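Have a look at this one before I ask anything.
Labels for the chains are A, B and C, by order of writing; each one numbers its residues from 1.
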Amino acid sequence: MRYKKGKIISMIAGEKSKVYIKDLKRNYSLYLMALPILAFYILFHYKPMYGVIIAFKNFSPAKGVIGSEWVGIKHFIDFFCNPYFFRLMKNTLVISLSTLVFSFPAPIILALLINEIRSKWFSRIVQLIVYLPHFISLVVVCGLILKFTSDKSIINDIAVLFGHERVSFLNHPKYFVPVYVISDIWQSAGWNSIIYLAALTSVEQQLYEAAIIDGASRWRQTLHITIPGIAPTIITMFILRIGNMLNVGYEKIILLYNPVTYETADVISTYVYRKGLIENSWSFSTAVGLFNSIINFTLLIFANRLSRKINEISLW
Amino acid sequence: MSRNFLKTVIFVIILSLFVSSLLAGCGKTKKTISNGIKYPSNGEVYPMETDATLSVWGMSSNSSSTSLESSPFGKKWQELTGVTVEFQQPMAGTNGSSEGLSLLIASGDLPDIIISNLYNQPGGIKKFADDGVIIRLNEVMDKYAPNLVKYLNENKDIDKMVKSDDGSYYMFPFIRGDEILSVSSGPVIRKDLLDEGGLAVPETIDEWYVALKYFKERGADAPLSYDFASWEKLGVFLGAYGVKADFYVVDGKVKYGYLEPQMKDALSNLKKWYDEGLLDKNFIKIGDLDSKILTSEACASVLFAGSGLGKYLSAMREKDPKFNLVPTKFPVLNKGDKPMFGTKEFRYVPNNNGFITTACQNVELAARFLDFGYSEKGHMLFNFGIEGESYVMEDGYPRYTELITKNPEGLSMSNVMVKYMRASMSGPFVQDKRYIEQYYTFEQQKDALKLWSETDTLKYNIPMVSFDEEQSQQLSSIMNNVKTYVDETVFKFIMGIEPIENYDKFVSQLKALGIEKAIEIYQKAVENYQNR
Amino acid sequence: MQISRGQKMFNVFNYILMIFLMTVTLYPFLYVAFASLSNSVEFMSHQGLLLAPVGFNLNAYKIVLKEEMIAIGFRNTLFLLVTSVSLQVTLTVVGAYVISRKNAILVPLFTKLIIVTMFFSGGLIPFYLNVRSLGMDNSFAALIFPVAINTFNLIIMRTAFITIPNSMEESAMIDGAGPVSILFKILLPLVIPTVMVIVLYYSVSVWNSWFNAMIFLRNRKLFPLQLVLRETLILNSTNAMAQTGRDSEGVSETIQYAIMMIATLPILVVYPFLQKYFVKGVMIGAVKG
């Protein structure tokens, strides 16, 4: 009788629900722990998400989200059809990819190098100092960049020694991206290396000991123990970075660019920012943001899938 | 460790929740309905006696240390009007006010009074009225704002600027009481160096050329160093040729500077100066102007009287007493001409204007409160502060005390002024010129006001027009692209990267971007304005 | 243990490189420090690099520290630092633990739902209205709760949990331990370095935050430090003056640098306390068997 009942229930409710019920019974305290976290996301992220529809309306604060009139995809058309669209996309991608290729590995390499320092106190001092630029406000950093790239600066003095002419770097479109990327490395490598340093401490000491017994050099140890040991961290950070591909922020560029360098420096966010200075373009910037998000999210899913296939490391 | 840690954390969280909810009470709006206003028995209006309070949002200042409710000015304002005010002061500065304003309106929780710049918002002031945020003031003013009404009646030109195309009034305006207050920036040059070379202060473009060449030979690396983009919108050196890098009106017709033929000549002239090294190579983005001027690397520029001229003069006062940076008239082509453009502004300024919202339950009180600034007592408070403390009357002239001019705590004049008055800022009152006479202490600054005022620019500037929402959106769409293109291309002509012969291609591209439609929109707005 | 010639050379090269990096990264900080200690007039005429304060004086600091709002800002930020970071770290650790579990069916769903929020949001206005509707407007609650979890940090924490092999967890489960004790008694000690990283990240973020305070606070007594400082800097920059057409003396640059030092120095001391968790040689990371 009992056997039959169970079979009937599972026939009615489906095999799957049996699995769910078993899972609930087993993990209920885990799910309970998750409640405050889920509550947070529902309350502060999902509840206000309806605002995305502003992208399809002509939003006016007085009329509110519901009361503002629909304009369909007008803002998207404005964005795609404006004469600078291709340039903005190109510049955004160039800056983003350059940062990815050069600025992403830098903190990893730095962490590995710091890891090699034998002297503990020297290591601590290095760590303490290299993270400092992160804390200097962007305005000061850009002021310093302007000083160092001017045609009277030390860098130009050195260039003259090598036989080059004096150049005011930020007045030439072709130098904008290199200046941007190099200064980005300088400002963020130290700070970003912290997470990798933390990951390094969790690599098992015993693996190193075994490798040394086998006669492996430090370089081979790094290649076969250290890097695989922090690989999950690296790959996770990489995937997240890909998910930010179109997010090139406007603040730093605004401080560094000028009309001379628009052709390589003007990105999506700076264009939207300038538009926002002339009008309260809530809807337009939401539309552009939505466009960015969709592309970023697609890239993220793609990167995550790839990572799962290759390394079995995935975000979900 | 883990259990106890968890316990501590939970305790701290609960404690903070408790405390923050207590503090939440600090910001609540107290709204009481008035049970009438009692006016003093001597026929005066102020101070009023009432239980009602007013909530006032905005009124940004330039110093974060002044919260209106605790500053002497804020307290006196309430005392003299008899009204208790709840000041809501979000972060000041351009970011704060514009976003803050939109959020305020979106929240639906409007204060009684908004003191801010609504004119420069898209759709202008009319939009706020149409959207049901602020009320029309015509009847209200007639009944409860006699001081403002009197002033507008006596100053018909201001009245025209303040009312809308259809004759409606919406704000308690900020007005510069005298023309001399309307200008604060202009060209400057090193007179001490000119004297050494036996040169007079230049007035024409040719004289400027000679002066700059002299500076260059003397060793200055960037004789003229000024920010082209911001200043030529007002037409400083371009103005000599009768154009400026913006819209303007000639004989009732709206023009855009870059479309005019004279612009080619004006740019050619700057190109000549650039080629001969007379113009700062980095004129697109000037850096280090401070050190350039103080080390004589730059000998001429365009500056503000206070933050530019005043700053450098006081910096060099001890180091090099001969250092003499003086203001000049805006340059012209022919000697004796009056400059067509300049930096003079209209006497009505949209900053920190007072508006009454639709949420205000006691319009009479709000109007009386805002009208105070235009009354005799209010005028003195807003311009000079508290009698006996920040100023004293000397033979009928309000003289700032040493508390202001030589502050014992070492605060700068503008920082201490903000605690006692609004003269150096803006607000719902009429600015008195006797403030500026004492604020600018250097002779050069006082001369500057006179010299920089001598232009016809008010005749040619676009007046205080208003656009409706559709026009406003169209205009900003077109201008965003036009501005990007203009900024990028004009410097190429000056630097010679693009031959000036191609100027016509530049003009056709502007037309392709829709500049003529923009001119049309302005034209209509100007015509509406003239018909007010 | 033999160290090869190649390795010796590498070590030397490494030390030289580190010294170079330290110079280059320390310098801008020194620049700000020197500028803040300089005489304002001399600083204005100075060109090029600063190798020491020009005309050493403390005036800039004296003026800034007299402002009452600075003290108020400090006090508020300290309070927020303690309360906000505690909440953030707790929720992040617990949340990361949950979404790192491999044999719970709902977990991938939770994770996806959470990550989606990194990409799609309703924008400023709904966010603002939402916080108001929860009754948090014009109070510290608006500064604490909406930022209680940073998804990026959550994922970092999750990665740390995932790296731990199952063996520890399984033996505990056999002993009958529930998820709470597994998390706190067994796993937490193993991920301390990463926990310290997110303590650092959240602390710096709370210290630097001003935007939410800007839009939600109208009571100046609640302003956090960065908002006070930002307001001062912005209002006195030439940009602001050009845009509003208003002229004033402006704040001397040295004062602006003093403000930046005050804005930055205090948070720098947090790192040395956490640093011992990141320095090689700490044995906490060792896992047996």
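As a working rule, a contact is a pair of C-beta atoms (placed from the backbone, for glycine too) under 8 Å apart; a residue touches a chain by one contact, two chains touch by 3 or more.
In this text, all values refer to a predicted model and were calculated from it rather than measured experimentally.
K.L.:
With contacts defined as at the top, give the pair, A-B or A-C, that has more of them.
P.N.:
When the contacts at A-B and A-C are counted, A-C has more.
K.L.:
Based on CA centres, what chain would you say lies at the far end from subunit A?
P.N.:
It is B whose centre lies farthest from that of subunit A.
K.L.:
If you average the CA atoms of subunit B and of subunit C, how many Å lie between those two points?
P.N.:
Computed value for the inter-centroid distance: 36 Å.
K.L.:
Measuring centre to centre with CA averages, how many angstrom lie between subunit A and subunit B?
P.N.:
39
K.L.:
Would you mind pulling out the distance in Å between where the CA atoms of subunit A average out and where those of subunit C do?
P.N.:
Their C-alpha centroids are separated by 16 Å.
K.L.:
Residues of subunit C touching 2+ other chains?
P.N.:
Where subunit C meets two or more other chains at a single residue, that happens at 47, 124-125, 129.
K.L.:
Provide the list of subunit B residues touching at least two other chains, using ranges where the numbers run on.
P.N.:
Residues 102-103, 106, 288.
K.L.:
In subunit A, what residues contact two or more other chains?
P.N.:
Correct list: 61, 147, 282.
K.L.:
Please name which positions on subunit B make contact with subunit A in the complex.
P.N.:
Residue list for subunit B touching subunit A: 98, 102-103, 105-106, 108, 121-122, 127-128, 131-133, 229, 281-282, 284-285, 287-288, 472-473, 476-477, 479-481, 483-485, 487-488, 491, 513.
K.L.:
Which of the residues in subunit A come into contact with subunit B in the complex?
P.N.:
Within the complex, subunit A contacts subunit B at residues 60-64, 78, 82-84, 146-147, 150-151, 168, 170-171, 258-260, 262-263, 266, 271, 274-275, 278-282.
K.L.:
Across the complex, what residues on subunit A touch subunit C?
P.N.:
Residue list for subunit A touching subunit C: 19-20, 23, 26-27, 29-31, 33-34, 36-38, 40-41, 43-52, 54, 59, 61, 65, 110, 113-118, 120, 122-133, 135-137, 139-141, 144, 147, 152-154, 186, 190, 194-195, 197-206, 212, 217-218, 232-233, 236, 240, 243, 282, 286, 289-290, 293, 296-297, 300, 315-316.
K.L.:
Could you pull out which subunit B residues touch subunit C in their complex?
P.N.:
These residues of subunit B touch subunit C: 2-3, 6, 9, 12-13, 15-17, 19-21, 23-24, 26-28, 57, 62-65, 67, 88-96, 99-100, 102-103, 106-107, 109, 184-185, 230, 288, 290-291, 294-295, 304-307, 310-311, 315-316, 319, 345, 349, 351, 409-414, 424-426.
K.L.:
If we count contacts the way the header does, which residues on subunit C are in touch with subunit B in the complex?
P.N.:
Where subunit C meets subunit B, its residues are 40-41, 44-47, 62-63, 66-69, 79, 82-84, 86-87, 89-90, 124-125, 128-129, 132, 135-141, 144, 184-185, 188, 213-215, 217-223, 227-228, 230-232, 234-236, 238, 240-250, 253.
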